[in-house]
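In what comes next, subunit A is part of two complexes: it sits with subunit B in the first one and with subunit C in the second one.
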Partner chain A sequence: MTDTFDLIIIGAGPAGMAAAELAAKHGASILILDEQARPGGQIYRAVEIMANRNRVELGDSYHAGLTLVNAFRDSHVQYIPKASVWQVSQGGEVGYSFDGTAHIVIGKQVIIATGAQERPFPIPGWTLSGVMTMGAAQILLKESELAIEDAVFAGCGPLFYLVIHQYLTAGIPIKAVIDLTPKGNYLKALPHLFSALPALPKIYEGWKWKREIIKSNVPYFSDVSDLKILGEEGVTGISYKQGSTWKTLDASHILLHQGVVPNVNISLAAGCKSSWNEDQACWRINVDDWFQSSVKGVRVTGDGASIGGALAAEQRGRIAAVGALVQLEKITATEGDHLAAPYKAALAAEMRVRPFLDALFKPSDTFRIPQHDNTIVCRCEEVTVGQVRQVVGMGCAGPNQLKSFSRCGMGPCQGRFCGLTVSELISETLKKPVSAVGYYRLRPPVKPLLLQELANLKITKGDSL
Partner chain B sequence: MITNAITSASRTADAIIIGGGLHGCSTALQLAMRGMSVIIIEKDYVGRHASGVNAGGVRRLGRDLAEVPLSVESAKMWHDIESLVGDDCGFVASRQIKVAETEEHMVQLQNRVQQVKALGFDHEKMIDQKELREKLPAISDHCVGGLIVEGDGSANPFRTSQAFRRQCESLGVQLKENTVVSRFEKKEGVWHIHTSMGKFESPNLVNCAGAWGGKMAEMLGESVPIDTRAPMLMITSRIPPFIDSVVGVQGRPLSFKQFVNGTVLIGGGHVGKANPDTNETLLKYEGLAINANIAMTLFPQIRHAKIVRSWAGIEGYLPDNIPVISKSNIDGAFHSFGYSAHGFQMSPIAGKILSELIIDGKSELSIDAFSINRFSNDSLKP
Partner chain C sequence: MFTKVTSGEVQTITIQFEGETLVVRKGLNVAAALLEAGVKQFRETPVSGQARTPFCMMGVCFDCLLIIDGMHNQQSCMIEVAEGMKIERQLGMATIEFNASAEQGL
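Up next is the complex of A and B:
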């Protein structure tokens, strides 16, 4: 095993796989680390296994991912699945754990392609047992072919309609659908429709999914302005507010989803600068046209930088790889420009639909910025909205001081499930822009690391740096 | 000299303190308690650096012999901390134990007890293997005994910094955060302190700037061989309570404690890289791995604990690993910095000493060992 690699890629989703495959073709030595047992990322999770089974409900665009996975499998890269990356440092140091031992390796160039995660959904009762995110439901469907029967689906976003479509296609009973797409969003999305026209077939497909739900015999509710999940230990029901009336549905399973946001923990812990994006209501990593971040030699690409979807991620992965190849002097800058041109064109085409989708599916403020004092913000440390507001009232100016004052964000998830909520909640309470409030200063390890793994640390640095 | 009347917009005070860490706030508090008007000038925010992110050890155990008398007095103040700052600072007084892994360690610790006794103190006591296991049921079988101080313990550093800050403010201390000092001038007995937020004036200037204390001293023409380092700490997720003592080990760097909330803090002075100009710290995993190894050797059962965070604070170290607590050679200037990663426990007494130096001209406790002039002997320079 080589200790220093030309390129270390974190994440074997569409961006990571495409980057690896392309860079390998140009003679770069590559290590790609991924948490899952098989390549594909969240979007093409277990696609190799499902290829042999007749799971049509997962859809053509899912099965199409097999082409990319196969090309990646055929490329000359060192691929370590089930590896948990807990830190990327300046200077290309990458720390990961595999099979009970921590390792540190060096990449002359590093590409972080950690994809997206689901946006937190902080409403009363969201931490009760029986509540699951739709992303988690998808993992069950893809990994284990398991479905949650008689669940209430609540949320918005493309994945929301997709999963319901998959459930309906597979004939899995659904208790009810609560569509939280804010009504005003349709009007806000309209001006972006023209530039989205090339993606019309996709938009039409999404529209068909929605029609399918409404036409099915599944109870469908929209124009919902507030939501509460009921239960003491486990879920017993869900209340929703239409107009000024609250209504209740009995349920033992609730599936929530309100879109995806970049999974930025590793990038932020590496020191990459980020900016608040109001359209997507999330932090995005600052990158240039070649996905170079503010940290020398570290590129952040795909949905991990900003949300663009799987097909965009593939192109972005390739462009980042070209950028790395030029820095590695495997190709000249001119060759790089030439090589990247078709990927950049494809990316531009793919991104034209984004403003439309962003406007249409931006979740309502109500569900991003929790209003009820008892709602839990930080699941790990069980810190509530009321506690956050109280501490902010005492003079706590931002997320980092909030950690020290209340332990909010100090649990094992490192703020993944509360960071966005906290930034927006403090922003609202102090009436200061989110960009001025900022985000948690993240501390490695960004993934929990066993003391024993760290004690076994193997540092295998080459001397090329 | 004593006026005790300043307005919120005031730019003059009886004393101006550079550095809003625990030592700065403690000094300000003592001065304010004696009626002085005080302004604290802090380049970031209170407790941003070593004061807010250290391991929180409140120990007399194993102090440099020169520090022992101060540390003993400070311990008394810690045991009554609530009456000083109106908050218990999360101080838990249990005990600190320095574990001996070999008979050779036991001999070394015995010698230590004799040295402390010779100074007239008897808080450090030997314990044998049986007592060690009673105090620390989870300790590894190979450990043979140790040195113990009952009544030592730990506090919450951020909470402590905030408590001192609040108490200062309630006594009218003015806090200027995000204010960076650019230079000092002395005109007709008054210090003119130029900062990013304009000029401040006072007859007394106090350098409590921690890792940046050397820089401030240098601006006064008093250069000291300070070294800036970033001691690293790591903390685990919550695990069931198994230890109530704060533990170190003879001959190896380790600081180990479990908080009431179940998380375990592991440190010991392994250092990362510090950049005091940018506030950045860089962790060195080699050091953390050694640290993890030592912790596992002493407490094998924690090998499956999950580390959820590691970090480093920026701290100033002096060559003899004891601070400067001293009058400057220039009238009206005072120093208290360079605590070399063990200043947390000393902060109450150091504030009191500084207030005595400023108001009375001399301190009750001897501080000869901490003079700023001790480095003029070239042999001490690194």
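Up next is the complex of A and C:
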């Protein structure tokens, strides 16, 4: 007999933890599956461990995550860490692997809270040994207390300034900072400043980090229109273009970042409809006010639906949980409205700063839509810009045909680090809107799964798989 | 260079990487432990043979794939180090070796 739960939650970041904790209070039977060893998601990663260590550079907003993690632990829901979810199908079937064994469980309601990942950063040399995402550097600092000395930071976004600030606070030497915030964005962000005013202390904090970086003795470059990472076997340096001049810095570590985007693989493979979010230059999962997706009984919430940040994710998780509780008839619709009201108000307040941040930190076209023919688009199958353009020139209509013709997006990452680039590159080449170009059709398993695990899977009569 | 910034007490364990014994911090994931040990190449891509090292550290890029205790395609950033763990680089495409008894079984 397949185990059935009222609610299955995928992801134990802020959205998933908040959803679980709230739903547990209302008597729902809950299973929460998470890929990491400990709850917290990427944002509060290892926050329980770091609570006992004197890591001030990680900051108050990181350590504040412990409150939510503790509340989640205290809710005593069934929580399986190190579980890799490879399938969510219609009817609430969730397939996951744990410790080499595959399982199928059924959720009357399913909440997908898979969070965000780094946006692809396709520039020449970005696959070389020694290049990492800046998020990776922050994860190493948070969880492994490992610093990358003398790295060049290149990118833009609120997280970009935050991580450099953390490095400066911890006294970790930085080789240089290349700030890629497009100059024109300041003007574009200005009209959104008024509605962002309640978040002024946060904006001021970010501004202070930027001032701190500029005033530090770390070389700081802006107005950079192009980048190339140099090296054969591994990174030896980075060239940046200011005006019409290329300059080069010697370096053995490059950290790249241009914002985060929803981690959509499970949602899309489950059949959830998505649409192009022009302001954030990425796909968003279509959801209603209760985070119900286009697939019945499947909700997608937090940054996994669209980027709103950790505090918004927490509220969105709770609202999704209320929606699930109403569907489960644990509470009435009226009770649901009443229960969700404060979370909706808090979410609205939290989201007021978003248009300002989205406009200010939207990465420039240059770094989203690669122009050099030799730049690798698909890291797994090593498909270049030139190859993509060639196949598109042959009449390929979209990402799925491109995949068949070139293997672009067919490697183990399943498009996670090339999908956005491909959609935008085809859109530019064919002069068609990105929404008309579309995205890869994703299919389960969205994470690798042994044939042996699949063969040993106990399937009960009536399970469709 | 990858440098430890912890001020806390450090417990270590022993793992094997490419036949060499490494003493690494307990509790780290395999990717972090090898980066700290100075490993400059985790895998070679199946297409061009380019050397790769971990890129995302959160399980989405698949550039940290290694052979861990004989099992190919392991996401080393998602797996904690364990005493006596045997780790090898994953060079190019994986191959499947059939032995006689296994073939008879087929």
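Rule of thumb we're sticking to: the second predicted complex is superposed on the first by the 455 of 465 C-alpha atoms of A that agree within 3 Å, B and C clash if a C-alpha of one lies under 4 Å from a C-alpha of the other, contacts with A are read in each partner's own complex, and residues count from 1 in each chain.
The rule is short, and it goes like this: a contact is a pair of C-beta atoms (placed from the backbone, for glycine too) under 8 Å apart; a residue touches a chain by one contact, two chains touch by 3 or more.
Just so you know, these numbers come straight off a predicted model, no measurement behind them.
Novice: Report for A:I148: first if it touches subunit B alone, second if subunit C alone, otherwise both or neither.
Specialist: Second partner only.
Novice: Contact-wise, after the overlay, does A:L449 reach subunit B, subunit C, both or neither (first, second, both, neither)?
Specialist: First partner only.
Novice: Determine, under the contact definition given at the top, whether A:S29 touches first (subunit B), second (subunit C), both, or neither.
Specialist: A:S29: touches no partner chain.
Novice: Go through the superposed model and pick first if A:T301 touches only subunit B, second if only subunit C, both, or neither.
Specialist: Neither subunit B nor subunit C is touched by A:T301.
Novice: Considering only the touch criterion stated at the top, classify A:Q42 as touching first (subunit B), second (subunit C), both, or neither.
Specialist: After superposition on chain A, A:Q42 lies in contact with subunit C alone.
Novice: Please work out whether A:G411 is in contact with subunit B alone, subunit C alone, both, or neither, and reply first, second, both or neither.
Specialist: Touch partners of A:G411: subunit B and subunit C.
Novice: Go through the superposed model and pick first if A:L457 touches only subunit B, second if only subunit C, both, or neither.
Specialist: first
Novice: Classify the contacts of A:S293 with the two partner chains as first (subunit B alone), second (subunit C alone), both, or neither.
Specialist: Once the two structures are laid over each other on A, A:S293 reaches no partner at all.
Novice: As a test of reading the superposition: which chain, subunit B or subunit C, is in touch with more residues of subunit A?
Specialist: C
Novice: Check subunit A for residues that touch subunit B in one structure and subunit C in the other, and list them.
Specialist: On subunit A, the residues that contact subunit B in one structure and subunit C in the other are 411-412, 448.
Novice: Where on subunit A does subunit B make contact in their complex?
Specialist: Touching subunit B from subunit A are residues 87, 89-90, 93, 95, 102, 104, 271, 397, 401, 404-405, 407, 410-412, 414, 443-445, 448-452, 454-457, 459.
Novice: Quick one: in the complex, what on subunit C touches subunit A?
Specialist: So the residues of subunit C in touch with subunit A come to 1-8, 25, 27-29, 32, 35-36, 40-41, 45, 47-48, 50-63, 65, 73, 78, 80.
Novice: For the complex, give me every residue of subunit B touching subunit A.
Specialist: Residues in contact with subunit A: 45, 47, 52, 158-159, 162, 236-237, 261, 266, 280, 282-283, 285-286, 288-289, 292-293, 295-296, 302-311.
Novice: Would you pull the subunit A residues touching subunit C in the complex into a rising list?
Specialist: For subunit A paired with subunit C, touching residues are 35-37, 42, 49, 52-54, 82, 84, 117-118, 127-133, 135-136, 139-141, 143-150, 170, 172, 233-234, 252-253, 263, 379-382, 411-413, 416-417, 448.
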